[in-house]
């Protein structure tokens, strides 16, 4: 198995530890002035984990082209190697979300053994009814779970049931359903009938959901359909989740909304109605750009975590969202982007923990917009990098994760071990 | 009372009737080729009525300026005169929606007599908790129904109850609630608590709603609040309506959505969940521009009516939306804009009636996107102007409504009868 | 060669000609009331031609999937067959725009002979530096004409020069340059330096442009790059065109703008500054959706033609834009979509010819917004379908183009003659 | 004169100075590890000044309502008092931008004396042709500099010349021209002719511009006009500036763009073509929301300063933009918002100075997107608050500006000294 040695990471950390200790101590002192305990924050950071999508380890692309990198993983075992490397360095990504049939193997127990060996677990299995597979009886060109043809819907339902069974073999506990169903022309689909068919199909899947599982519905405004999408926004999403039952919740992908939409408010609404299932973190400027988390709108990410930490603090009923990255890395080494993005999400979480909630509530009650806003900014402006680095250090990860990764030569070795097959193994494009 | 004489309209119609008959006959023959009966369509058009907002008769403005026209109505009685003129000419706007306290009078029975005399009824009373009135105990600067202060919320609740009583005096049957509550700064308001307070206040109003009334909630993405709004989209709207009960429904204003959003799909969802209360028709390019209905996106308006006529055809349970214009006329004579806009909405309705629904369903079932789309376009491309004109003619309105209005000298006479007070009587700005 | 027989089209027309004559005569009479001559309009329609992109004949796709149709063209000769079928039926698409290297052949004279034989000419050659070709020395992963590496830029320049030479062999007279150059991360590229390198490369291509050629720059807001694009909008486009010289102009693709942007105003600006090179027509709701022209926003398309016809009427200096479709047909038969879209563009042109420009100018001068707006709507509301159908009929095309195409069995025969290669020959995904 | 005593500020600073020194020293040490000198950064911060708009000191509003605060300034002298208070505390806002006729006085020398006395200078005079003033001969309802009527245009030109003369009396050196000219209906205005008239008018103003003055054009996508605006984007802006001459440049208001637009790229383009005149800083989520600078998108603001500092570092020819706030404070004390916003802009500037430009260029040249992006993030993540606070402290301002302001009782005293006139003195609504 292709891995970065713990000892190597540990040696690399030596050059950074003195400065880190200095920065950590200073930050601890500064935080203590506001009554915050840096050790508690670091403990919270150690516990914060965000899942990595198996397909994120390959280079992504657009409808125009894909420019592959070297040493790309050619199957789920190699993807698992990359996920292990990511977790070994970042120390905050201890689970993997697989996608089927991309990650289907004959022997799931072998895969489970392998993941156990590298300290990774499996969460959130994903079904795929937005592409046609070779030798598939019915095409998804015109939809899957909402298709006008009953046989096509049945095929899509059965695929989802298969995916659940794969997930059970791997120890996963939730199914994420995203479909590309929709239309490109006004009139092409009957909105209500499509949605009714979708709900009918989903009920059949829900009926077979293991008792300790959750089902997460993902909404998306557009793409691959460019006029309408069956679950186009959080409104349709939550209505579907309510129709289906308590084990069904809504999943928020940050890139799946209309321009200018206040996503943190949607998060709050889902929390309030006990329907927040989880997140697909990424960043975007135009559409579902799937850019690195926090690379464009770090403050928005922080505001989302403000809602999450607030719900946590209020011990809001039914609140236990799953955190996951979902990005397309077109111009970077996917391992680097995933390491970096995981840390950026973690950064938002830690910053949100700094917010003085009592003070904030008091400002809100007094309608003191300036002080309420400043309370958030005060937390955001603080540089919590030392906490992130110390968290990695203490958990056996790399203080400087990207630098250590580059120095390890992991990618160069992968390039040798994994000669290009010429094909596209990343799933997307 | 300042009115346009029926005899004048009738005389003016003479110059147009020959051509109209010719066009109507030709269209009748053409429609009959597709099995459509122009008389039935004309009957449907005669029945189609859309309400006019009292405040729409004054010139609107922006936060930068308002450029008043001449002869603007100075009170609800003069607004009623203008609404009568609009209906006399357009023959499809037989009701008025009042706004309080703008339209409050001491003696509602006098107002009711006046409206009866001109053949207008009252629908959809609107409350106003987005402005402070002189001598008001509590300011709405930081919210109304969702305000952190209980006394302010109570004041807003009581105002809504007052508005219901005014509406009862006028024979109205529904209350439209739009609030400006929201925030301009991240952190300023606690999203969940604000929404909870809003719901709590609304429940108190709902409890007092007369048994034969409906209550309509209006959502809006932004403005006057520029970071968050308590009912920001149809998702929050329908959840609130579901919490409140069967007499509460959602109202769709076409200008209150995020860019690119598929509004016809939202209409379908609200129909499906029996929560479509009605519409505020207008058009927009950027935000809540409140432009003349159909002036920019006539095909979108048609697609919305495709949904409405479809629901009508399917006899969808709980379907009886209220239609109303809600526009701000900054550069036109408001009377002209309202006449024209009412006809444009009526145009979309008639065109949607032309759609061959059986054929459309067949194409949808066969996933024949091209033919389904063409079915809609075929109906849209037909020029139904002769039906609209004949509808007006038969109902005693003006074949050429704008030209007849201009020739009547109504505005010039109003300019004399209603000298400017220097103030702003249109409510907005 | 696979073609639809003229005689077949002619026979099919028989069933429609009686009704068409009736409709055409009525419309002629109606138009004459406004002083318009239907014969002149029909002549203008006959002259209106819009080019078809060779790549548009294959089924398109998204980054998620492509669902091919049957009988797809496997090379430029088969694409040419499809373009001939489109023109035979629609009678308004007598030219083809090729894309290289997708349409590269060893013997361009053979291709030219073939196109001459079916009555098609070649216009607007397109270069491709947004994909890597097999055995290409330098990758375009990080840009082409603006790449930081001089050798990569040189390779892209030479490709464009090659494309010009292919175009010369085919008799084309313009080069369209669209690049995917841009970035996905803040900081990834130096905006100014990238643009300077782009300009430097373009100058080298411009220097080699044949004297009777034009060069058209296409701007695009995003995709494939998701943070910045080197020619992101018409501002950068026109500045580049001005830097390059009089033979360089800007090309407008309707799907390449920011949400809410007023595209007809951009068209006006480009006309005013003598830099409107041409159009890529399509429709879109969210991004570069590449939907069928006029399928979503027919009024916007009409408003664009209002600008074009106005410039024509004013004999604006330097005004001779090239019209072309550029669409991705994911759920329809591409031939049907191209036939239909060409007619929709033609429809907008004819409607724009109906506008009474003298009256419009008078209303504009008088700031009579209502009458100015109504002048446009009056033209738009008229159903000019009889003119379009008569234009096709007189030019030997099909009165009912889609129905005739379906009845011809063209696609079914293509399915037999062109067995799927399993690959993607449409260029895009 | 109503002021906050220097001695009071100085006393208040005492409680913060120990912690500030500690934080400043630590940051100095940390920065030195990267070769950065905190003293040089602090010097740069001291020199960084951003102008305050006179109209920003009053409470803003929307077209729906304005909720005034207490103690609002009733004239330019009282606005000047507030600007002095802002600068006394923030120490980075030593100039004021006046708006005419709002700030017109009979004796400008008296006003100049007053501003000299409080250490403020005047920059960037603003003309107002988007509102009608009492007794104005011609209305701007349908435009000003681009109006179809020559007399109206002449009136607007003369007003601008008057404004220049007022500016000369106050020692200002630039004129900012923003007009509301545009249309609400397709067809209402002829785009090209409107723009030609605008240019003709502007040329007459430009001809009278004092030799050491600049003229800045402000573009805006929409509002108050909701279909088209004569200077709708940076494209029209720069073309106008190029037509007018070297003393005319483009001004960027952050809230005046289409959704999703990359503003930092526009800034780069204006720099490259030597046409960046300056900024109106604010923040926005939906439209021209005029929210506090950096309150929503601090990273975007930083990316803009990345461009500015880069141009400064490259000593780009013709680069000397003017920095100004332009906000509407609807729910906060305007003085607090202006203090806070000035500091947020200053924060972005300081952070942009931290960027290792040599390293960044190297990453850009190597197309190392990850490291380039991280280089920016590294600078952004650092908390430079100690530099900002130390800058204020050393310049005689307040370490904790908002807290000190609140404790000073300035607003409460203003409430007594400036009883409400019941009117609106803020200019906007």
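Descriptive notes on the structure:
We call the chains A, B, C and D, going by the order they appear; numbering starts again at 1 in every chain.
Here is the rule we use: contacts are C-beta pairs under 8 Å (C-beta built on N, C-alpha and C of every residue); 3 or more make two chains touch, one makes a residue touch a chain.
Per UniProt, the chains are A, B, C, D = Sugar isomerase.
Please read all numbers here as calculations on a predicted model, not as lab measurements.
Annotation: A-C is the more contact-rich of the chain pairs A-D and A-C, by number of C-beta pairs in contact.
Checking B-C, C-D or B-D against A-B, more than half of the residue-numbered contact pairs recur only at C-D. Centre-to-centre, using mean CA coordinates, chain A (Sugar isomerase) is 39 Å away from chain C (Sugar isomerase). Along chain C (Sugar isomerase), residues 141-142, 183-186, 188, 221-222, 227, 259-260, 262, 285-286, 292, 295-296, 299, 331-332, 367, 369-370, 373 each make contact with two or more other chains.
Taken together, the touching pairs cover every possible pairing of the chains. Residue ranges on chain C (Sugar isomerase) touching chain D (Sugar isomerase), taken from their complex, read 141-143, 148, 183-193, 195-196, 221-222, 227-228, 232-236, 238-239, 257-262, 264-266, 268-269, 271-273, 299, 303, 306-307, 310, 360-361, 363-367, 369-370, 372-373, 375-376. Those residues of chain D (Sugar isomerase) whose C-beta lies close enough to touch chain A (Sugar isomerase) in the complex are 19, 23, 26, 30, 33, 259-260, 262, 285-286, 292, 295-299, 331-333, 336-337, 340, 347, 367, 369-371, 373-374, 377, 380-383, 385, 402. Within the complex, the chain B (Sugar isomerase) residues that touch chain D (Sugar isomerase) are 60-65, 67, 130-132, 139-142, 180, 183-186, 188, 221-224, 226-227, 259, 284-287, 289-292, 295-296, 328, 330-332, 428-429.
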